């Protein structure tokens, strides 16, 4: 099974049809285990019980960036390799990514209130994530505003690649500027500095959420393929009636 | 009805295009405005349509509706076809019908008459040059106006389209209309000629 | 030189315009693309000019300059005439000469050749439809390109202008050029015909 | 009457399709609001104080960005010729176009105001005061801006020239809009006075705008 | 090379004639600056504090208002077809157009800054700091905005949708532009850090902009 | 498990995540049904794909 085989939407549909139930099952199990571990994790000596927000904030924050990365690769697929499924993948990913970004923003704010005493602060990390959210919304608006999917796909691809510049800014903003937000403690040079008691549930949740993304994304891609099939049938019907 | 101009002169961009022009035409007649490029054919049509103000002279319609001005009783078909690319063919046509005061109803038959039946729901952005022209011609049909001012009406049309255009003009004449048409090619219809001089 | 297309198909706005089209033409020849409105004449010219991407098939020029692509060796004269109203006639023409890589020099003689000598310093906004067309034709003359893609080149031109256009085309053929012209009216020059089907 | 409604419906349809839908207006407003703290600096108290000004500036921008092609687009494709020739008085047609523009570009902003108020740390009352002033004041922005849009056709000019012509006209609207909202939020001045001036400005512009625009279009024909 | 200079000279000529000359840009800038005190309220200390932000917002607006038709105008009259077909690489042609735009619309603003600084109660040093950041930063605004202008052609869309797509890209430029100027005026942070980031942003956009715009134009042809 | 003084923040964030994820899942499921339904209608109407296969065929 190579990428070339997957290029055929029909093959893609049949393969994902078989894989999806397993993925969904694995996601559910991992998330449940993660939630249990998060529940029994000890309180932090500084943050108290609010540290539990970390177990959902951080995976959502990671995914918000990861999804844009996936869309950037898909954008290359559209522009460079002209892979037929690339724009399907890009379009399907945008709303899911926007949802994760939204959750990262909201859980972050909810965490920020007890920790920093404010829901919102215009610092570099927070605002660059907000910019990411705005760009997701912009992309979704673009997909909706243009009815010819291939035309929208190419424009969206250019924009996605340009927007990818924001990812390193988000990632390193905490290092470049002194901000309220804490610097990386898991994904950093020299290994994680987080205590095992937090690290393990966090990683389990992170993998669980990643699987959730894969599952939702594949399902959304299937929907998108079907939607295009409907569109082409509509066009065929219209031209048959005209003839 | 008779449409006539007396001693019209036209100045555009500070330069005199023509002056002392007389013309006259009546119900059921075509006035073909001919002449070299830049001689002022389009300018004359726009003067009649009220889209330019004459530097001198007067243009009048006798026997039309008295409460309406000449432009309000005229159709103008110019080089620019007044179509919105974002709207569908049917939406474009029905907008002009409503705005110009035609009877409400289905625009379908009219589109079929100009050979655009198959394109009814297509965005106007998708039309070819000739298809756009056909849609402009359909506009003449959805709203009744006694005076038609046509600027090179057959340009971009294929043979069938030109026949269609001539047919539409004939019908209009038969119902007592007046046509003033600027043209380089023969119209395919008997017409009184107004020859514009000069130009290049 | 020979310009040929093999099994070209064209899709626009998700709809197939034509498919499996073959054509071939060589130095000194005119290929007249004819067919009803909407049959894909303009689309074919834009495919050759590289302004549309074919959905299938290939188009190639043999015997041209090898480092240059086909669009880089072609002139395209479309419905939209690439003139900036704010610039004068001479400024418009000399911009295109410089941008497209023609020899520097006075554009005056070239403007005179197309009958626009008197309008050299006029803003392009002041030109009539036919005068704009003439200026577009002048663009073909200031920069030498072997392949000319002309979309209804004689539209809006008066009799003298059409003669002028035919003369220009003849000269180009005589110097070994290739012309592909979409047209509804006879070109006034012997041509191989490519008949497009369908359309409306 | 059919003519007028047809024109309004057409313009709204085009605005929604080409501009990308009413949601885009909201998104734009959101972006502008997010932009301001960057420019001004992350001082929440200052932001709250400037809140109404920021929202009003957003509204001004949204109208400036889209108004300049109100008539130019119709002029370029020849629609304006037919509109001028039509039996509908040109003043009415102009008013209809401006109304359509306001419905497509202005109303979404007003609807979005409560959400943006949150971002700018405004409380409920302040937000509704701003929304109310926007509701009353944005028509004035559109109807004065329309004069500039008509001049753009006459002068064959666009872009900044237009903004330069229109901005001075919209300054009074902006002043009274902001000061009415500010009065509602912080006092000590009464809300009523600037608000009623704002209403008066809107009413005047509803009358003057269409006449000025129609006059300029009529004289600018060619 | 002749091709590139010809394109730049043409675009500048058109901008000056149609936009009404460099003066209009300055006038616009002036109007925005004059408008701000009205929106904010007549607090001189606050104005001084917001001075750089206001100047930067004016520059951002001036570029937004004029950029959106950078390619659309050429597309509509068919020039873009010929530019794409030409022997000049499309990336270079795009860069040339953006450069011309910056020369015609950006430079006059920078030249006018000292005058406006007076209006905003900024001292000489502060004004020159702002002018310097504008000189370095406005190219970034133009070159990122160009991407949006190219998308407008590809999508057959304009207006607010475009602003929504482009504005997030220009946020970093605005942040560092303002913070560099503010650092120069009030301290305590160093001017160097945000200023060098601003330079880096400009350099990146000089490369990314033309490529992204050319890619989007090439893929959006029809 | 005691959640301390900020229990409401923790509970809100967890329930919000659950809600949004649920909305995503439901939206995708409904979308799938909808597209399948439309394809079935085409099949009933006798419209077939270019490959000649049935509309709902995978």
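The letters A, B, C, D, E and F name the chains in turn, as written, and every chain counts its residues from 1.
Assume a contact is a pair of C-beta atoms (placed from the backbone, for glycine too) under 8 Å apart; a residue touches a chain by one contact, two chains touch by 3 or more.
Because the structure is predicted, anything quoted here is derived from the model rather than measured.
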Chain pair with the greatest number of C-beta contact pairs: D-E
Chain at maximum distance from subunit A, centres defined as averaged CA atoms: B
Length of the line joining the C-alpha centres of subunit B and subunit C, rounded to whole Å: 28
Distance between the centres, which are taken as Cα means, of subunit E and subunit C, whole angstrom: 37
Whole-Å separation of chain centres (CA-atom averages), subunit A against subunit F: 16
Separation of subunit B from subunit F, taking each centre as the mean of its C-alpha atoms, in whole Å: 54
Multi-chain contact sites of subunit E, meaning residues that touch two or more partners: 18, 76, 156-157, 161, 164, 167-168, 171, 175
Residue numbers of subunit B (touch at least two other chains): 12-13, 79, 86, 118, 125
Subunit D to subunit A touching residues, read off their complex: 17, 20-21, 23-24, 27, 30-31, 34, 37-38, 41-42, 44, 119
Contact set on subunit D toward subunit E in their complex: 15, 18-20, 24-25, 27-28, 31-32, 34-35, 38-41, 46, 50, 53, 56-57, 61-62, 64-66, 68-69, 76, 105, 156-161, 163-164, 167-168, 171, 174-175, 178-179, 182
Residues of subunit D that touch subunit B when the two form their complex: 2-3, 5-7, 9-10, 13-14, 17-18, 76-79, 81-88, 221-222
Residues of subunit B defined as touching subunit C within the complex: 12-13, 15, 35-38, 42, 79, 115-116, 118-119, 122-123, 125-131, 133-134, 152, 155-161, 184-185, 199-200
Residue ranges of subunit A touching subunit E (in the complex, touch as defined): 79, 127, 131, 134-135, 137-138, 141-142, 145-146, 151-152, 154-155, 157-159, 161-163, 165-166, 169
